[in-house]
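Below are two complexes that have chain A in common, paired first with chain B and then with chain C.
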Partner chain A sequence: MSRRNAAIFAAVLLAIAAGAMALAGANPLAGFAALLRGALGGERQLSETLVQTTALLFPSLAVAFAFRAGLFNIGAEGQLIVGGLFAGLAGAALVAPGWIAIPVILLAGAAGGAFWGGIAGALRARFGGNEVIATLMLNIVAALLANYLVVGPFHAPAATGPETAELPVSSWLPVLIPGTRLTISLLLALALAGALSFMFARTVFGYALQAAGEAPQAAARAGIDLRRTALVALTLSGAIAGFGGATLVAGVLHRFNVALSPGYGFIAIAVALVGGLDPLWIVLAAFAFGILQSGSLTMQALAHVPKDVVGFVEGLAILGLSARRIANPREESA
Partner chain B sequence: MVETAGAALEAIGIVKRFGTLVAVDGVDLELARGEIHALCGENGAGKSTLARILAGALAPSAGRVASDGPVGLVHQHFELVDRLRVWENVVLGREPRRGLRLDAAAARERVRSLAREYALDVDPDAVVESLPVGIAQRVEILRELAREPSTLVLDEPTAVLAPREIDALFATLRSLAARGAAIMVITHKLQEVISHANRVTVMRGGRVVLRAATAETSLDAIARAMVGGDVPALATRRAVTPHAAFAARDLRAGDGAHALRGASFEVRGGEIVGIAGVEGNGQSALCDAIAGVVPYAGEMTLDGEPLRGNPGARTAAGVRTIPQDRQREALVLPWSIARNVALGDHTRPPLRRGWSLDRQACDALATEIVRRFDVRAASIRTSVAALSGGNQQKVVVGRALAHEPRVVIAYQPTRGIDVGAASLVQSRLIEARNAGAAVLLVSFELDELLAVADRILVLYRGAIAGEFAREGFDRARIGALMAGAA
Partner chain C sequence: MAELLDFFQLALVKATPLIFAALAGVICERSGILNIALEGGLTVGAFTGAAVSFETGNPLLGLIAGMLAGALLCGLLGVAATRFGVDQIVAGIGLNMLAAGATAFAVVVLFGAPGATPEVHALGSAGETALIAVAVVAALALQLGFDRTPWGLRLRACGENPQAVLSAGLDPRRIRVLATLAGGAIAGLGGVFLSLGELDLYSDGMTAGRGFIALAAVIFGRWTPLGAAGAALAFGALSALQFVLQRSGVPSELMQALPYLAALAALTGIVGKARAPAADGVSL
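Our next item is the complex of A and B:
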């Protein structure tokens, strides 16, 4: 989607949001004001918005990575959950100094996500299976599997909820601003966005990946193995989402809980598309969606707008943006 | 259709705009009963747009069309339902009914009598997808004739036909004209115009630049009108001592009607071997097998070494292809020229440096191709999607010839591009040959092969039906073999 179309789309969504607020009996202006105040009104609010931005940024970059290779990965949610699960299990089991434990936990998350994305990639590469259906269904498998494991075999004896044992404090991600939940995961996400941007623009790997996405037949004739590309792209896409899940475990919840993600992996599809699949614009888009996520509770409390309005608008955004993609996955271009 | 004089169709001041593009820019045209009228022009001159306006398939932005009966339009790419039978296609949309039911017997009889009346020999019960293109075209013509048109417009009807089928088509058209219909044939094959048409109209840039009776004009004059100047001369063919380069033994690929069924041949370095044949006789399978993009049986060698592996390995070995569909198979449309020229060579120096593409090297290569091939683009950063078909093709050919190729596989490299660009592409192929490359040129246009090739192989139903050296080129004999003569 071009920048201009993205702006039009955002404006339409804003208008719909205003309409929804009015229908809910609230003053839309007061609603927007409360939303912004809740998201940006102070250090605590801003840091919480950045926590949400970070949580969205990893799966959004994961989605963009696959999309740029012409693969519609709508399974970032499942990959994030499996990554979080791997990270939670590794983190709870590992007793080691932080400088060892933290990288191991994050890499375990990436491995979990890579495994989950790789299943869809392997199905596509080996049998030509449709990655949309595979990744979509694997979301459900991931959620149910995680639920089973943390209620059953890996349930922490002391815990009341469906969750694993807490990570040792030394394994928690370092906090950026004392007294907030904002950790170095924000910096990791920004670094990843920069790295992906460079990768797409400059490297041979990024070149081949995007050629396969934009013009598969031409790419195949140029010696780019489309099957291998599908496997690699979905695996790495899953790894990014899984890494994001691990940062939630090590940085926010300090354990794996089935409520790890309120749908970050789904909202990520909208974030990636609004950002035009460009990692640097996705950072901005993730921030905008982060504002929605973190401001919605304040909006509900102060302006009496149900926070579901945000979910409603996000749902519309995902629907509107992905319908075009599903109808014609290769229609868009960088 | 009894009168044989006067205008069957008159178009006055036709203008058609698509956004800011003016495709047809004030065209007046009169088609007389009983005439075969040729409409010529380069790609993008506005011919097909005008044809669709005349047939009422497209509304003009300005101007009007007056016609004394229905106008039939036979499309360049047939618009038939492949899975249906001939009679079903012909009556589609005007099915005779009995009550709520389709009256199949009446429909079949109607098609049979139409076929008899116009001497278009077709089996009404054949399924369209099983028919050769020449016959499928008759079905398309029958379908239009069923509406009893006073004017019949045919868009590039001979593009897919063998010479003999072309003669049969024009015989049919002449008999239609003799019954009082006006016939307009869009073509870029000028020999056909001279041989078969009564009058000719040439368009360039949406306007009419020449109207003449064919008896009073010449092939050369029509060509000059189309191009708007002299047609550029081809590069000179230098004497090269040919050396063994590429050989194929019993090559088989694809399946069904378009398969390649065992072809053995060689292409020596310093020679252009033309593959003559009507489209669909195994040409695609042949080129795809050499490029390594489809499974095949048989052996290929390059300078005596077996040629194997994936398309990338073949490219690296110096086998370069100019694929059939430049937009899908050769280019990444949203990308710039500079980014596209690296495709296929992105894995090796000089375009690769470590993990990255070497931007300077890509830019230098793109600049060189743009210069040598006269690519009309704002800059090497221009997206290839924004280029005309001819300029896109120049980028593709430029890339294929840039790295001193040992073998060049060119599939219809001049299809759909204007005369100037086509001549440039042909000249660069000849230069590659002069430099020692083995060039395999597939073309459906015999004239192109006669002009460019050192040797011609005729491909018919997936096998090589004949071979001609340049000294022994025999248009009639080659044409006969293309149509299946023993």
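Our next item is the complex of A and C:
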């Protein structure tokens, strides 16, 4: 999308959002003002926006990782949930000093996400099964699995909600700004974005992934194993999303709850597309969507605009961005 | 005996929206449009049906409006995929989010409180039974139409080899748009069954992933109308079985997960090779 078209597109989205606010009987200017005030109006608001940014950044990078390899991972949501589940179970069971416990919890999350993404990857690599359908189905299975485990066998006896026991305080991620929920997970997410950007630009592995995505036939002729790429890409993509789930568990909720994600894995698709699948631009896009996420409740409270207008506009954004070609048809057996 | 009859009745009620959505999925996919937005089609159908019935007091008008809403949403996917060459999967996800956001928004704006519409005039038990019958007849009719009519052949050709359709002097884009419109209307009818047949109101999230179960049914039914409807019926029976097994200790989540697990198994091809139409999901 050219810069001009992008500006027109953004203007159209804003106009539609304004129209929706007017339809709800609110003054659109007041609506936007409340949204921005709720997201950026002070230290507390800004830190909460950065919490949302971080939560979106991990699955967005996961989605972009798979997209760049020509694979549709629309299962970031499920991978995030399974990652969070693994992290929550490990974290509640583990009694160890923080410098041991925290890495273990985060790695458990990455392992959970890798496992979930790897199922789709294996189906794709071994049987040529469509990863779109596989990840879509696995999202729902993940939610059901989490619900079963957390309401059933791993339900915290003292907890009222569907959640696991609380992590020991020593296992919580260190906060960046005292008195807020913003933790070092933001720095981890930014570091990951940088690392992925380097990987795609400068490493053979990154090059091979993109070659498999952009020109599968040529890549196959050049000796890149497309089946293996599919398995590796979806597994690593899942690991990133799962790691993000673990940071929510260890940094924000301090336990696994079935309501861990309000759809971060789906919004991530919009974030990844807005960021043009470039890890560094995705950081900016995640911040923009973080503003929407954290400001929407203030908008509802102050300007009486139903917060659902955000989901509606995000859906429109995804629809508009779907014009970008992502995956080329590929034939593993060839 | 009476219990068995109750069970079958419940299974049919649970299966009906799935059958409608699965048939919608078959029509779209056989034409070459992988329609992830079935869930959105159900959602807008259910909401529009209830809202129009509330405003007019006439559930039949609600039914028609619900079908139109479904056709509009899925037709948007058809137009986007054929005229703008968009990625069907991404567009479908966007439409699902749009449908969920727009309906939740409209519930607040139109009815003043979030979450659900007030009770509306529903189709009643006669209407519910009629819609169940329509679902079954539609599956049979579609199968016949697919196998025996020229438009069925064209639709299938469009999903397998759109170039050939073009060579035969027909416009595959037009056929695909028509398929998404027809499929969307049927998905909308499935939504109407939820809000005006099984219940008498719309509430946010009431479709509860049925559009995705329908996608599973399409795969499991190997992209044929009768196969998909049969799979939808089996999934409906599973869902009815949950109520029976509630106190037996079988986790209800496992029962709910079975359709999705079945679809994953179908993807492996172990249970018989399932092959999607060659041009399924390939934008023109």
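We adopt the following convention: the second predicted complex is superposed on the first by the 310 of 334 C-alpha atoms of A that agree within 3 Å, B and C clash if a C-alpha of one lies under 4 Å from a C-alpha of the other, contacts with A are read in each partner's own complex, and residues count from 1 in each chain.
Keep in mind that, in the parts below, a contact is a pair of C-beta atoms (placed from the backbone, for glycine too) under 8 Å apart; a residue touches a chain by one contact, two chains touch by 3 or more.
Only a predicted model underlies this, so the values are computations on that prediction, with no experimental measurement involved.
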item: Combined model on chain A where chain B meets chain C, clash or fit; value: fit
item: Chain B versus chain C as contact partner of A:231, first or second or both or neither; value: neither
item: Partner chain in contact with A:129 - chain B first, chain C second, else both or neither; value: second
item: Centroid geometry (CA): angle chain B/chain A/chain C, rounded to a multiple of 10 degrees; value: 70
item: Chain B versus chain C as contact partner of A:217, first or second or both or neither; value: first
item: Contacts of A:141 with chain B and chain C, given as first, second, both or neither; value: second
item: Per-residue touch tally on chain A - higher for chain B or for chain C; value: C
item: First (chain B), second (chain C), both or neither touched by A:285; value: neither
item: Chain B versus chain C as contact partner of A:24, first or second or both or neither; value: second
item: Touching partner for A:63 - first (chain B), second (chain C), both, neither; value: neither
item: Distance of closest approach, chain C and chain B, by C-alpha atoms in Å; value: 5
item: Shared chain A surface residues [contacts with chain B and with chain C]; value: none
item: Chain C to chain A touching residues, read off their complex; value: 34, 36, 76, 80, 84-91, 93-102, 104-105, 108-109, 114, 209, 212, 215-216, 219, 251, 253-254, 256-257, 260-261, 263-264, 267-269, 276, 281-282
item: Complex interface listing, chain A residues touching chain C; value: 20, 23-25, 72, 74, 119, 123, 126-127, 129-130, 132-134, 136-138, 140-141, 144-145, 147-148, 152, 266, 269-270, 273, 306, 308-327, 329
item: Interfacial residue positions of chain B with respect to chain A in the complex; value: 291, 293, 310-316, 321, 323, 325, 328-335, 339, 342-344, 346-347, 352, 355-357, 359
item: Sites on chain A touched by chain B in the complex; value: 202-205, 207-208, 210-211, 214-215, 217-225, 333-334
